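Chain nomenclature is as follows: A, B, C, D and E, assigned in order of appearance, with residue numbering initiated at 1 for each chain independently.
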Amino acid sequence: MASVSLNTGRLAGPRAVSRRATTEALLARWLLIAITLCFLALFLLLPLLAVFSQAFAAGLETYWAALREPDALAAVRLTLLVAAIAVPLNLVFGIAASWAITKFEFRGKSFLITLIDLPFSVSPVVAGLIYVLLFGAQGYIGPFLKSQGLQIVFALPGIVLATVFVTFPFVARELIPLMQQQGTSDEEAALTLGASGFTAFRTVTLPNIRWALLYGVLLCNARAMGEFGAVSVVSGRIRGMTNTMPLQVEILYNEYNIVAAFAVASLLALLALLTLAGKSILEWRYGDSLDA
Amino acid sequence: MTAGARGPSFRYFRAPSALPGFGLAFGYTLVYLALIVLIPMAGLALKAASLGIAGIIDIITEARTLAALRTSFGVSLAAAGFASLFGLAIAWVLTRYHFPGRRLIDAMVDLPFALPTAVAGIALGAIYAPNGWVGAQLAPFGIKVAFTPLGIFVALVFVSLPFAVRTVQPLIEEIDRELEEASATLGAGRLQTVWRVMLPPLVPAVLTGLALGFARAVGEYGSVIFIAGNLPYVSEIAPLLIVIKLEEFDYAGATAIALIMLVIAFSTLLVINLIQAWARRRFGHV
Amino acid sequence: MVTASTPSLNAARPPAGIRIVGVAKDFGGDAALRGVDLDIAPGELVALLGPSGSGKTTLLRIIAGLEDASAGQVFFGADDATRLSVQERRVGFVFQHYALFRHMSVFDNVAYGLKVRPRAQRPSKAEIRERVLSLIDLVQLGGLERRYPSQLSGGQRQRVALARALAVEPRVLLLDEPFGALDAKVRKDLRRWLREIHDRTGHTTVFVTHDQDEAMELADRVAILNKGRLEQVGTADEVYEAPASAFVMSFVGDTVNLPVVVRGGRIFFGDAPLEADVADAPDGPAALYLRPSNLALTRCDEGGALGGTVVAVRRTANGRRAEVLTDVGAATVEVELPSGKTLAAGERVGLHILKARLFPTG
Amino acid sequence: ETVLLNVSYDPTRELYREINAAFVADYEKRTGEKLTVRASHGGSGSQARTVIDGLDADVVTLALAADIDAIVNRTDLIPKDWQKRLANNSSPYTSTIVFLVRKGNPKGIKDWDDLIKPGVQVITPNPKTSGGARWNYLAAWGYELGRTKSEEKAKDFVAALFKNVPVLDTGARGSTITFAQRELGDVLLAWENEAFLASAEFGADKFDIIVPSISILAEPPVTLVDGNVAKKGTRKQAEAYLNFLYTPQAQAIIAKHKYRPSKPEFARKEDLAVLPEIKLFTIDDVFGGWTKVQKEHFDNGGIFDQIVKVKR
Amino acid sequence: MVTASTPSLNAARPPAGIRIVGVAKDFGGDAALRGVDLDIAPGELVALLGPSGSGKTTLLRIIAGLEDASAGQVFFGADDATRLSVQERRVGFVFQHYALFRHMSVFDNVAYGLKVRPRAQRPSKAEIRERVLSLIDLVQLGGLERRYPSQLSGGQRQRVALARALAVEPRVLLLDEPFGALDAKVRKDLRRWLREIHDRTGHTTVFVTHDQDEAMELADRVAILNKGRLEQVGTADEVYEAPASAFVMSFVGDTVNLPVVVRGGRIFFGDAPLEADVADAPDGPAALYLRPSNLALTRCDEGGALGGTVVAVRRTANGRRAEVLTDVGAATVEVELPSGKTLAAGERVGLHILKARLFPTG
C-alpha cells in the first residue's frame, strides 16, 4: 500500500500534494479495500472453507473412507471419462471455429459468434431438456436410436452431450479475441517462406496461442467436471453408473452422508483451486500472450 | 487452397485469402455447431411449436409459472446488479491499489467459474442456513437467508460476480492516467474526476457484465436449489420449474418455459451486442 | 561492416525481373488499384511511394500472392506468377511490424524457411546452420542468434525479418514499409544499410514507403501511386525534376502553388503577367508549381518581379525560409533564404521565378 | 454379467442397498449366476419420468401406484393389470405417515389439527413430484374428511396446512434434510421409516416421533418393466428379484428398516415392536383409488394447484 | 480564420512568467533531471527540445504539479507553485495523445474545466456556453461542437484539447509533444496555427518536442535538454549559429563531425592541417563540427582543400547531397550540392571548410 500520510494539507509538503491527482484519499482507499475483502470473504472464501471444514469434520480417516467408497470412485471415474471426451471435442471445435472466424472475412461472422456464445446463456436445465426431447424414449429420434440399440440419455452419450453443450464456447471464446488481435501476418510470413498451410498452423499459429489454449482447456475442464444442472436432467442417477461427481455429492447429501458429500465436493473444490492456480501461473508468466 | 477455390463464386460469401483451411475449419464449425447446438434447439422449438402460440401463452401465464419467472428474473436482475456494483469496486481495488494478497484475491474472483455449482450450492446452504456460520449470526436479527428468496439472491450473486469483475477490470486497467491528470489540471477534485471522467466510460462494460451475469443467473440451477427453499410462488426459480414440470410428465409445460428462457437468453445476448456496438461508436472501444 | 565474403547469399540463379500488367484490385468499395503496369528489371530496387491508402500495400501483396488481383497479371521473369501459390512464388516478404515468430529465437526465425522445405529439398542441418549464421552476420546481428524477438530493439527486429526473408533465396524481395515503425534516426541508418545489402545480394526488390526521402535515397527508380493509379515511374531525379503530374510535384519535395491563368501562351497571376520559364501550355486556368529554392529574392522594385511583403522568417533544420505574402493574389509563398541573408517581417521584397511547372486545372 | 436396474424412490436408499446385496448372494447360491443390481433414487414422480423417457429399468419400486400408472399410460412397457401380478397389490411392504418434531415437542403437536395452527411450520415435499408428499396430503385430507365428512372442509384444512409450509422440496429426502439438518420448521410429515432413520442419523436426542390419531396406509408398489426386460433378456432375474422381496429374508430386512412387512411373521419381533399401533385408512376406502385421486388432486389444475394458488 | 474578436480569451490577468530554480528529479535510477534553471518571461513561448528520455516530459509535469521535484522550486510569477496542488496551479496542459474525454462531446470537453468549478466560482450556463463556443471558434472547430472525439481526426482532437486547456484561463500553457501523434503534413499546419493562437492569446507557453524543425519554427526561445541537463537556452538563431556544446550542434540540424587534434592553435585532421575558421582552441583532441552547407566543393587539387572521392550522390527531399570519403582519416562527409551541379560516384573532389565549430573531446 502506498504510504501517504493523511494530513495532506498545504503544509504537508509537495509529495503529498500532487499524488492526489491520480489516486483517492487514503481513507477512501482503505474503505474500498475493506469492502472488497469483506465481500469476497463472505461470498467466496467462506463457502470454500465450509467445503473443506465439513469434509474433514469427522477426521481424516472418514474422509478417506468416503472417497474410497465404490460409488464415489465410480463417480470420479465417470467424471474423468466425460471430461476426457468432452474437452478434446470442444478443443478441436474451438480451434477450428476461431481459425475460420479470425483469419478470414466472411458474411454473417458476428451471427456465427453469437451462435457460438449461445450455450453460455442457456440454462443448463434447458440444455439437458433439449437432449431429452431429442433422444428420450418419447423424443424425436430417441425411439429410432433405441431400436438400433443406442441408448443416449440416461447413459454416457447423453451425459457427454450435455457436458459438451454447456462447455461449448469455452475454448473458442478464449482464442477468438487473441487470434483477432494477432492478425494474419505471422501465417502470411510463414507462407511466403514456403510453409504449407498446415505447417504454418502447426509451427506458427499453435505456438502463438498455446497459453490461451491451455487456459481455455483448463476452464472448459473445470466446468465439464463440475456441471450439475444439465447432467442431472439426463443422468438417470444410477448408482455407480451414471452419477458424476456433482451428482454423487447431491446423492450423498441426500443420504445424510454429509461428510462424504463434502469429501467428494472437496475434490471438486480442489480441482477448482488447481484450475485457478494454473490460470494465475499462466497469466503471471505469459500475460502478454494471453491478452485478449 | 488452390487458385480455383478462390474463384469469384466464393467472393460473395467471403473475401479471398491466401491462408488455407477455411473450408475445413468453417465446415467443421458449422457441422459441430449444428449437431451440438442447433439441431437440439430446433427440437425444442418444434416441440414448442406443436403447442401453438396460444398454448405457450397459456402455460407461461399460469400463476405459478409467472411467479417463478418473476422470481428468476427479478432476483437475477437484483443479484447481477448487486454483483456489478461490488464487482466495480472489486475491480477498482484490484487494479488500482497494491496491497498484500492482491494477486491471491484476484485469482479468487474466478472461483465461481471453476467451482462446480452443486458444490457452491451445498456450501452456501451450509453457511447461510439458520444454523450455519453466517446464518446463525443473522438469525437473532430475524434475517433468514437460506430457504428464502434472499438465499437465491446470495447464490446468484456468487455465480454472476466474476462476470461483473472481469468485464470492467481490463477497462479500469486501461484508463489512461493522462485523463485523470487532464481532469486535475482542469481544476477537478478527485471525486469529480472519478465520477465525471473515469466512471462514465466504464458504463458499457458494467452493463455488459450485468447482462452476462444476469444471463448466467437466470439459467442457474445447481447452486440455487440447495439454498432456495423451492417454495412455489416464493422461492421457486424457472429452471427448477422446468425440472418439476418434467418430473410431472408435463413436457409441454417444460418446453414452453424453456422457450421463454431461451428467448430471454437470446435477447440478453442481443442487448449485450447492442451495448457493445453503441460503446464502440461512442467511445471507440468496448 | 561484414568482411567475410558471402557468396551463397546471392540469389542462386540470376534474379528475376517483375512485370506487372494491368493489375487492378477491387475490395468492394472504391477500387484499390486501377490498371497498374510496371516493369522492374532484374536486380533493380524500386520504391513504391504514395500517400496512405493509395494502394501500395495492396500492390505488394498481389505481387507476393497474398492477395488476388481482380484483373491483370504478374510475371516473375517469364513465369506467369498469377498461377502460382504464395509458396511457389518464392518471394521474400518483410512486413511493417516485422511479423517475427515470437516463440522462436533469432536463429530459428531465420532458419524457418529452410526447415519447412520438403525433405528432399531441405539442406542438411549443418548447411542450414552455416547459411543462417552468415545471414545473421550479414544483417549485423552476429552473436544475437539466441535472443528472442522480444529482446531486440525495433531496428534489430526488422533486420531479423530481412534475414529471414533472404534465407529462402527469394526470386524477388518485397518490403512493406519496413522501417515505418522505427525512429527517424534508426530509419536513416537502416535505409543505407538496406541499400548496401541490396547492392551486395542483388535481389530484385520492391520497397513500399510513404516517406519521400526514403524512396529517393534508396531506390533505383521510384514508382508513385495515387488513388490506385501509377502516376509516374522514374529515377529520383526524373521524378523530382520532371514530375508527370501536379500530384507528383507536390508529393515529392516542398512546393509553392499559385493559381494562374494562361492566355495566349502567357501566364497571369491575378492581373500580373509572370515571366515563368515553362513549356508551352494550353490556354485556360492552371496551377503553377515551384520549389522554394526555385524562387530568387530581388529588390522589390525590380522589373518582372512579383512584389510582396515578408510575413515571417522561420528557421528550418538546415537554413531559413521566408513567408512572403504577394501583393497581387494575396498568396503566401515560401522562399528559401540564402545563408547569411537576413530579412525581417514587414520588409518588402520582389520574387523572381527561376523555374516552375505548369499543370492545367479545371 | 447381468445387470438389473431398480428404479426406486427417495427413502428406500438404505433399504435396497441391503436387499440388493442379499438378493445377489441368494441368487448366486441358487443358480450360480452372478448378478449386479443397481439402484436409482429420486422423487418418485421424477423417477417414473426417467423410465418413461427411456431409462432401462428392469423393475420399478415406487412410492405409489399412480407413478407406475403414469408409466403404463405413457408407454407400453408395463401391462395395465400390473398391480394384480404380485401379492398384496404388488406392495411387499406398507408404511404410513407420522410426524417428526423437535425434542420435547416444543410446539405441542399431537395430531393433524395442530398442524394448521398459526406459527407452526410444517415441512413436507412437493406432492407434484414426491410420492411421500402425496401420502402426506391425502392423510391430512382423510383425517379432516373423516372428522367433518365435508370435502369443502377437507380442502380448506389441507390449504391451511400448506399455508404453514415454508419449503417444498422435490423429494422426501430433501425435506428430511431441510428439517433435520438445516433445522427448518417445527414438524416434518414423513414416511414412518424416514422418521426413524432421521432419529437414528441425527441422534435420538434431537427428535421425537409423534403418532397421529389416524393416518393413511401407504402401499408403495413394485413391478416388472416388461418392455425393458424383454429387450435386455433379464425377465427371469428381474422376476426373481421381485419375488425375493416377499421372501422371509427380505421381509426381515424390510422390518429392520422400519417398513411394515406384508408378512410380519418373518420379521424379528423387536423390529415390529418399535412400530407404533396406529389407526390407518386406505386410499381405496376414502378416495376411491389412485386413478381418481391423481386426476382430481394432483394433475395440472387439480385441487392441489388450486390450493397453492389461493395461498398467495 | 477566425474573425470575431475574442477579448475574453486573453488571460484575465496578465500572464505569469515561470521561474524554475534548481529543479532535479530522481526516479530511483538515473536522475531524470539535474539542477535545471530556466526563466520564462510572461507571454513567452519556449520550446523544450531534446532527445527521447532527456527529461522533457518530466520537467513539464513538474511545472504542472503532476510530478514532484526531488529538489528545486517552481515559481509562477511571484508564487511558489511547489506548494500548490495540481488543481490550484491552474495550468493548461495539452497531452500528446490528447487525453480527451471520449464520452463527452467537443462542447462538454471544452466546458469541463468550467463546470467542475465550485459553485461560487462557476460561471452561469449562458456564460459557459458563450465562452466555450468562442473557444471552439478560436480553434477553428465551429460547428463541430456536438461531435464526439472518436468522430474527429487527430489534428482536430488536438485542437479540442487545446481549447479545453484554454477554457480555464490558465496562468501558463504546457504542451507535451502535442503534435507527436500526427502526420507530418498536419503537424506543419498545426504548428503555425498554434503560433497564431499564442500570439493572439498571449499565454506563457512551454512546448515540448523532439522535432527540431517544430521547435525552431514555433518558439521564441528554445531550451535544449540532454540527459536531464539544460544544455542551452536561446533563440533559434542562437542555438543554430552558436551552439553551446557539441550535443547542441549535432542535435540541431545536420552535421559532419571530424575527429581532429589541435596543436599550437592549428587543427590537424590525420596529418593534414585544416584551414578551418574556428576561434582559439586549447591544444588536444577535439571534434570539428560543420554543416553540410558549410562545405564548398573545389577542384581536388586546389591548395588547402581536403581531398576525397565521391562515394554516392543521393537525393534529399529538397536537393542533393554527395557522400565523400576523405583521403586522409577515411571519414565519410556529406556535402550539399549546389543545384544544377552534377557529380558521379568515383569522382575526385576537394573540400573547403567555410565555417565550423570546435569542441574539445577527451
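Assume a residue touches a chain if its C-beta (ideal position, glycine included) is under 8 Å from a C-beta of that chain, and two chains touch if they have at least 3 such contacts.
Everything numeric in this text was worked out from a predicted model, so none of it was measured.
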Required steps from chain B to chain C (each step between touching chains, minimum): 1
Chain pair with the greatest number of C-beta contact pairs: A-B
Between chain E and chain B, distance of the C-alpha-averaged centres to the nearest whole Å: 52
Chain A-chain E separation of Cα centroids, rounded to whole Å: 54
Interchain centroid distance [CA atoms averaged], chain A/chain D, Å: 39
Distance from the mean Cα position of chain D to that of chain C, given in whole angstrom: 89
Touching two or more other chains - residues of chain E: 66, 86
Junction residues of chain B, two or more chains touched: 15, 18, 181, 184, 243, 246
Multi-chain contact sites of chain A, meaning residues that touch two or more partners: 20-21, 132, 138-139, 188, 191, 196, 253
Chain C partner contacts - residues on chain B that touch it in the complex: 2-3, 6, 15-16, 18
Of chain B, residues touching chain A in the complex: 1, 12-15, 17-22, 24-26, 28-29, 32-33, 36-41, 43-44, 46-47, 86, 89-90, 92-94, 96-99, 103, 105-124, 126-127, 132-134, 154, 157-158, 161, 170, 177, 180-181, 184, 190, 194, 212, 215-216, 218-222, 238-240, 242-243, 246, 251, 254-255, 258, 261-262, 265-266, 268-269, 273
Residues on chain C engaged by chain A in the complex (per definition of touch): 64, 66, 86-87, 89-93, 95, 97, 99, 101-104, 112-113, 116-117, 164-165, 167-168
Interfacial residue positions of chain B with respect to chain D in the complex: 63-64, 67, 125, 129-131, 146-147, 229-233, 235-236, 243-244, 246-250, 253
In the complex with chain C, residue positions of chain E that touch it: 52, 212-213, 216-217, 236-237, 240, 252-254, 291-293, 314-319, 339
